[in-house]
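I am attaching a structure below and will ask some questions about it afterwards.
In this document, chain identifiers A, B, C and D correspond to the written order of the chains, with residue numbering beginning at 1 in each.
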Amino acid sequence: MAKLWQKDYSLDQVVEHFTVGEDYLLDRNIVNGDCVSGIAHAEMLESIGILTEIEFKSLRNELVNIIKLNDRGKFSILPGHEDCHTAIENHLTSVLGEAGKKIHTGRSRNDQVIAAIRLYSRAFLIEFQRVCLKLTSNLIDFAGTNSNVPMPGRTHMQIAMPSSVGLWAGAYAEGLLDDLYLVAAAYNLNNMCPLGSAASYGVSLPIKREMVAHALGFERVQNNVLYVNNSRGKIESVILDALEQVMITLSKMAQDLILFSMPEFKYFSLPVELCTGSSIMPQKRNPAALELIRAKASAVSAFSMQIKSIIKGLPSGYNRDFQDTKAPFIKGLNVGMNCVRIMDLIIRRVKVNEKKLLEGFIPEIFATDRAMELVGRGIPFRDAYRQVGCSLDTLKDEDPYEAIRKKTHTGATGNLGLDSSRNRIKEFESLLETEAARVEKRITGLAGFKVLLFKPEQSV
Amino acid sequence: MAKLWQKDYSLDQVVEHFTVGEDYLLDRNIVNGDCVSGIAHAEMLESIGILTEIEFKSLRNELVNIIKLNDRGKFSILPGHEDCHTAIENHLTSVLGEAGKKIHTGRSRNDQVIAAIRLYSRAFLIEFQRVCLKLTSNLIDFAGTNSNVPMPGRTHMQIAMPSSVGLWAGAYAEGLLDDLYLVAAAYNLNNMCPLGSAASYGVSLPIKREMVAHALGFERVQNNVLYVNNSRGKIESVILDALEQVMITLSKMAQDLILFSMPEFKYFSLPVELCTGSSIMPQKRNPAALELIRAKASAVSAFSMQIKSIIKGLPSGYNRDFQDTKAPFIKGLNVGMNCVRIMDLIIRRVKVNEKKLLEGFIPEIFATDRAMELVGRGIPFRDAYRQVGCSLDTLKDEDPYEAIRKKTHTGATGNLGLDSSRNRIKEFESLLETEAARVEKRITGLAGFKVLLFKPEQSV
Amino acid sequence: MAKLWQKDYSLDQVVEHFTVGEDYLLDRNIVNGDCVSGIAHAEMLESIGILTEIEFKSLRNELVNIIKLNDRGKFSILPGHEDCHTAIENHLTSVLGEAGKKIHTGRSRNDQVIAAIRLYSRAFLIEFQRVCLKLTSNLIDFAGTNSNVPMPGRTHMQIAMPSSVGLWAGAYAEGLLDDLYLVAAAYNLNNMCPLGSAASYGVSLPIKREMVAHALGFERVQNNVLYVNNSRGKIESVILDALEQVMITLSKMAQDLILFSMPEFKYFSLPVELCTGSSIMPQKRNPAALELIRAKASAVSAFSMQIKSIIKGLPSGYNRDFQDTKAPFIKGLNVGMNCVRIMDLIIRRVKVNEKKLLEGFIPEIFATDRAMELVGRGIPFRDAYRQVGCSLDTLKDEDPYEAIRKKTHTGATGNLGLDSSRNRIKEFESLLETEAARVEKRITGLAGFKVLLFKPEQSV
Amino acid sequence: MAKLWQKDYSLDQVVEHFTVGEDYLLDRNIVNGDCVSGIAHAEMLESIGILTEIEFKSLRNELVNIIKLNDRGKFSILPGHEDCHTAIENHLTSVLGEAGKKIHTGRSRNDQVIAAIRLYSRAFLIEFQRVCLKLTSNLIDFAGTNSNVPMPGRTHMQIAMPSSVGLWAGAYAEGLLDDLYLVAAAYNLNNMCPLGSAASYGVSLPIKREMVAHALGFERVQNNVLYVNNSRGKIESVILDALEQVMITLSKMAQDLILFSMPEFKYFSLPVELCTGSSIMPQKRNPAALELIRAKASAVSAFSMQIKSIIKGLPSGYNRDFQDTKAPFIKGLNVGMNCVRIMDLIIRRVKVNEKKLLEGFIPEIFATDRAMELVGRGIPFRDAYRQVGCSLDTLKDEDPYEAIRKKTHTGATGNLGLDSSRNRIKEFESLLETEAARVEKRITGLAGFKVLLFKPEQSV
């Protein structure tokens, strides 16, 4: 099949197979982005006289057509095409002739790939922030509902001090809000337009990069054309690093939920329909989804590390190594999205067993409060500490509810500050939806209808 | 669809989708292994009276049938099956009734998965060692052909001392032989039979683990039943770590070949049919395959790291996290195999440009030889070194051929020791093929025909 | 030696040695931060009546004294102290008696360590942003000086299209500016006050967390007390991930400089006093500093990965595992700082050899420009591309200066946009210095003199 | 201070500081190895007439003297020396004059460093295998003592099937034995002599590499001189990968011990003198050593990853990047050694609480055994499984002792196979001590007394 670079010799079949890799499969994810970017590019080419108005319109129509075919699973990218960009150009040339041969003027696959990936990432990140906010919001609600439910607080996994289910859930909500700050930073870095950088060195045509960037809803042009290619993989790794922080937060939450749903604790219980069974042990109800979330934090870490390991020490300009950043990136995004969604589903259904939580309040848990009481009577802390430490057997059961109520300083069990988190969520949502609407308007303006630039992968 | 553990409630669909992940796709790789392992297990069950002879024979026939279906791409594993083990048991039960319901006696999916993966890995490792030996052998031939072709030796990427193409190629051959030693060690660790460990705690039946291990050609039973599950992911990471060493060797070789085929060097040139072109730059002939080999070293590293990160700190016994070790493992093996094959193809076709190599012999390259000459005249080395270093402009062109011929100590350019490498290759091959024949005989004995337990993935 | 938690038994010596690890050495870095944080804490304790005014003043004086001792290398932390926090409390108690025993009221080493590390990180990040901005600014100057110096542009390390030294340097400057955006995001996440979270569960005293946060110049209180401990290692990894991006940028720059200072290129040359020699080869001048920068990108990656691997999947609340995040964090920061400084030194001294750069302009480099010329005459791009590709031998030498001048679109060689980068640098600097002044004022207010909270490690 | 490569210019001080890094500190670890290797090299130089007998003897005496100084902490390596090799050569030249200037004949720091590191690693690996075998042996004893103590077996951290403390401990012992197989493989790869490869390209002198290799107790010469330098970092990473497997095994064991010493389980308890306390909570007894072992598995992983990331894709021949493999390697070895030693100490002192273990035997744990019982009565397994699964509330308490006794197949609770592990330990020990004696004899032969080539670092 004709490559974009086909001239008078053919590539060895084994090498072709190797270099194509799984791109022809992965690229289904970015067909829509590439078409939309093609429309913006063609519009600009028309404005500088490379394309006639008729050529531009026919290209636009056919690119819209490809999007529609792709949405119905009817646009084929074959291994022989190498990638979606070739499949699309070949399609345009076969349907439109000359106009198709002109579409590549002033661009290279290098900047084309980057543009398609950024549009994909941008759409992903908008949706990802939404699901993270939803989970955060549900965690805050969960914290609110359980703000007065005592929970044994632990350090070193040993019994430490009185805590509450509200404090536990609020901690994860605040963690996610900080993670979202990083996701938003990654969104901003991603939101710059690479088009016009071509193979890394620009082109000797008076192309209008700002016009294309604006049409695609990018916040700015990525200026230096060489830097565009130097940033391949870099932006991807920044995005994955932000997702990794979300995953680390989820992995910790999963570990807590798995641990505290063991029969010896039963602080939490998962409804049976969220648990899997065993092929040999009839009684088993396993928290498989939580275990997989815990494991998938390692996947996102590995994907990010893979990309960074690929780009580290590469000379400047495009290198084919970049191709191998695509699979870990796309997979990483999908893994992240799935895990947040599943955790959200779980947090909405998990049961809190107050009775079992109270059973964890052995007398030792009140040792520190007791020391503070002695401090209140004027004993220097270090003396109070030693006094309590040497007479642990005199500690008595106290009221767990009272113990968590009386810690009223900022962020303590008696003063969780949930409203402040609710406000952060609202502000975040408001900024996000404004941006989402702005971007959607631009893309819709280009294509004439709402184009889905991110669709979840079927199996990850 | 019925799960093996299905009782009187159903798994939430979203959670099911999440927990199945891509297992139903990945498991096509281990269907044959699972069937073969099922035959051996059934044979043992017959020997202890759990199955009648007729039941065993019918199970054996149907398992053989599944292998044949699978080889023709006609055995379906649907997302609803969770994995191949369920698909196979369901198939057996639907075709054979009672006998199908008995096949799982005395085993769990836990040990079943491990067995199927080890059979897959074993078959992979045999083939992988073959292709590595082929590449090594071709490198030695290449070294032999070019043993007298001078090449500027470098350190810090700067011109250092006279070297030869033979030394260069021989270095990689010896590196691969050491890598193969690690691959063989990983093979040995992998070659132990997990069956009978069940869910991690054995079963209260008088199963004969040695009989099953022998039938499947395993070198030994993996004794402690809990250790079997503790070693899930561990053996996989040991195998990938060995492959990673191969990949590091290849990445270095790729880097050298890319570097020295730049127009400023042209020591090596790749035939045009092994190079890809550019979509925008008409003149480009890019060493894409080599760049991808360089990049894919990072993939194998990341896969291994992912697995080790998953298993680190997990409590003993089976945890669902293990499921997520399957994808990186299978992908890692296929990436490794492809890269070795491609490098072999390249090394057989790369051209050596003696003229360009000679151009690299600037006078400075002889500085060390000159210092050694002074040493020969009785000047202490450190004085000779300073003397030469302070009069570099008096260095003259010398004969590169003579320079490499006269270094005759072990392993130097004039004494490459290629025969010794050839002997190591032969010994290795002989051991490998003996083992391969032994294993094949056992598997053929079980199934009645030669079963392919490893087939390369289509796209990796 | 007395531990803070010492009661009526002693820790096994071997275990003590193991658990202390290198903390007693590392903690020299955070003594000043811990003292400053102690002053703010004591001031607050006085305000709520736990300390008398006299006690507070004596504690403040003695903490200031410790800072001064530490700055002269005279404050000892011994292995038996476990860490600086114990050494400081023991010192206070031995000098001041009762007041010393009260300083720990309402805090735990857990929040104390986090506070000291955040003060250290904050001071580091201010200085780090300064040196990055300096390097960026020098790169822009370098780009300006060399904006008209042609350089062969490469993709796949092969000759691609005309480029310029200005484009090359500008690409790195813009990369660093994007990296700095991430560093600033990390700064913001770091700038929240953990004090008052105690062991993870707050305290039953009416402590004023906002007062302490304000005194220490933190931008806000980190609210949820459990989240404070959950974020140990997290913030550190976010900071290291930002540094890792800087390092990746530097590693690429180092690779280019090493490559293009090979004798076959000599585009760049390093002054001899920046190069190291060989123990055996008299002529060698090696770009060792650049090679080490390239290598140290791996160090920062590994440090970040180590921290993330430690915290992934840990249950909530403090776990001792956190202690092991300290060494990779502190080392990572110092490695990053050193590398930026060295690269800055190199970029100010590297020589550009215009003559050698021009030699790289072989006719093929103009192929794409030639195709664009045909496009200008109305030939569809894909036809122009094939036409040029099939007649490469007719390409002629063209004027490299003209070739880079005529690409005038945004970000191309004829339109580098350096002023825009200069403006970004200025804005960044202005924000940074405002913040730095704000923070310094607060800390000086507490201690009565300017306290250095970050000092570079001697050897990293 | 004079560098080995010093000629007529000086290195910039900032760059010198940067390139030396912490080598001058790390190199204390390899001074003895470098001296021993120097003696062997000098002996060879004498045999080929480069040194006189008198020169050789004086060099040998002075090198022995340096070892003795170093063992008393009296041999200084200053930052200005760059490394121990320079410090040693400078010392020899200053004491011996001409003979000192001749010692470097026919070698380079490149092969010298590798030799010193391999001698260090070899000594480390011998000692490391000893401590691992000791831990393994103690685990087997622990398993023997507790072979009849029931323990709830878990999968997914949920109650699964009856298990025993013996099975639990035996699983780790067998894991370590497999890990040791990898450590031994790494030992073999490490045991080849690099000397004579010089800077990567050999020397034009008739050096006798076999003679040097034999004198130093290496098993063979590493033949190809370029491969010697290509293998820098490679062998180190192979060793660390083997250690990483040990660490993963220990991290799992640590996780189990931490988990099952929580108050809700108390299966195990650590004596108080192995636990640390809290600065604020008087009652705390924390399993800090176990948590740090869990964390340090991440350190060893990161160190190995760092080295592999450094060497991946480096061009062949020496590159300065290799220097940065030294610190993670030396630290990794020491971390591994410490962790094994601490785990050994813990396993010898941990208490098993049979009463608490029995409390974990809730009726559900017997579900699978019950299903197998039904199988014994002729019910197909899958039917038995469903029958039990749908009537879990009819399950009754059974005798845990009987439940673990009756599983008698290979590797199950009633048939742990501890003697087989004991035999593997003995065989391993026997091979190890034979090799250790062989190596020690050679080194003692060279130096005239027993030289310690590995000494543990003070703080890691």
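Note that in this section a contact is a pair of C-beta atoms (placed from the backbone, for glycine too) under 8 Å apart; a residue touches a chain by one contact, two chains touch by 3 or more.
The structure displayed is predicted, hence computed values, not measured ones.
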Co-neighbours of chain B and chain C resolve to A, D
Of all chains present, which has the mean Cα position farthest from that of chain C? B
A student comparing A-C to A-B should find more C-beta pairs in contact for A-C
Centroid from C-alpha atoms only, then distance chain A to chain C, rounded to Å. What do you get? 24
Hey, how far is the Cα centre of chain A from the one of chain D, in Å? 38
Using mean C-alpha positions as chain centres, tell me how far chain A is from chain B in Å, no decimals. 32
Considering chain A alone, which of its residues make contact with at least two other chains? 4-5, 7, 104, 110, 155-157, 160-161, 199, 203, 259, 277-278, 280-282, 284, 286-288, 291, 294, 298, 301, 305, 309, 312-313, 319-320, 368, 385-386, 389
Could you pull out which chain B residues touch chain A in their complex? 3-7, 9-12, 14-15, 18-22, 24-25, 79, 85-86, 104, 107-110, 112, 198-199, 203, 272-282, 284, 286-289, 291-292, 294-296, 298-299, 301-303, 305-306, 309-310, 319-324, 328, 338, 341-342, 345, 459-460
Touching chain B in the complex: which residues of chain C? 155-161, 258-259, 262-265, 277-278, 280-288, 291, 305, 309, 312-313, 360, 362, 364, 367-368, 370-371, 385-386, 388-389, 392, 395
Over in the complex, which chain D residues touch chain B? Could you list them? 4-5, 7-8, 50, 89, 93, 98, 100-106, 110, 153-157, 160-163, 167-168, 170-175, 178, 181-182, 185, 188-189, 196-197, 199-210, 221-231, 234, 237-238, 241, 244-245, 247-249, 251-256, 259, 294, 297-298, 301, 305, 308-309, 311-320, 368-369, 372-373, 375-376, 380-383, 385-386, 389-390, 403, 406-413, 416-417, 420-421
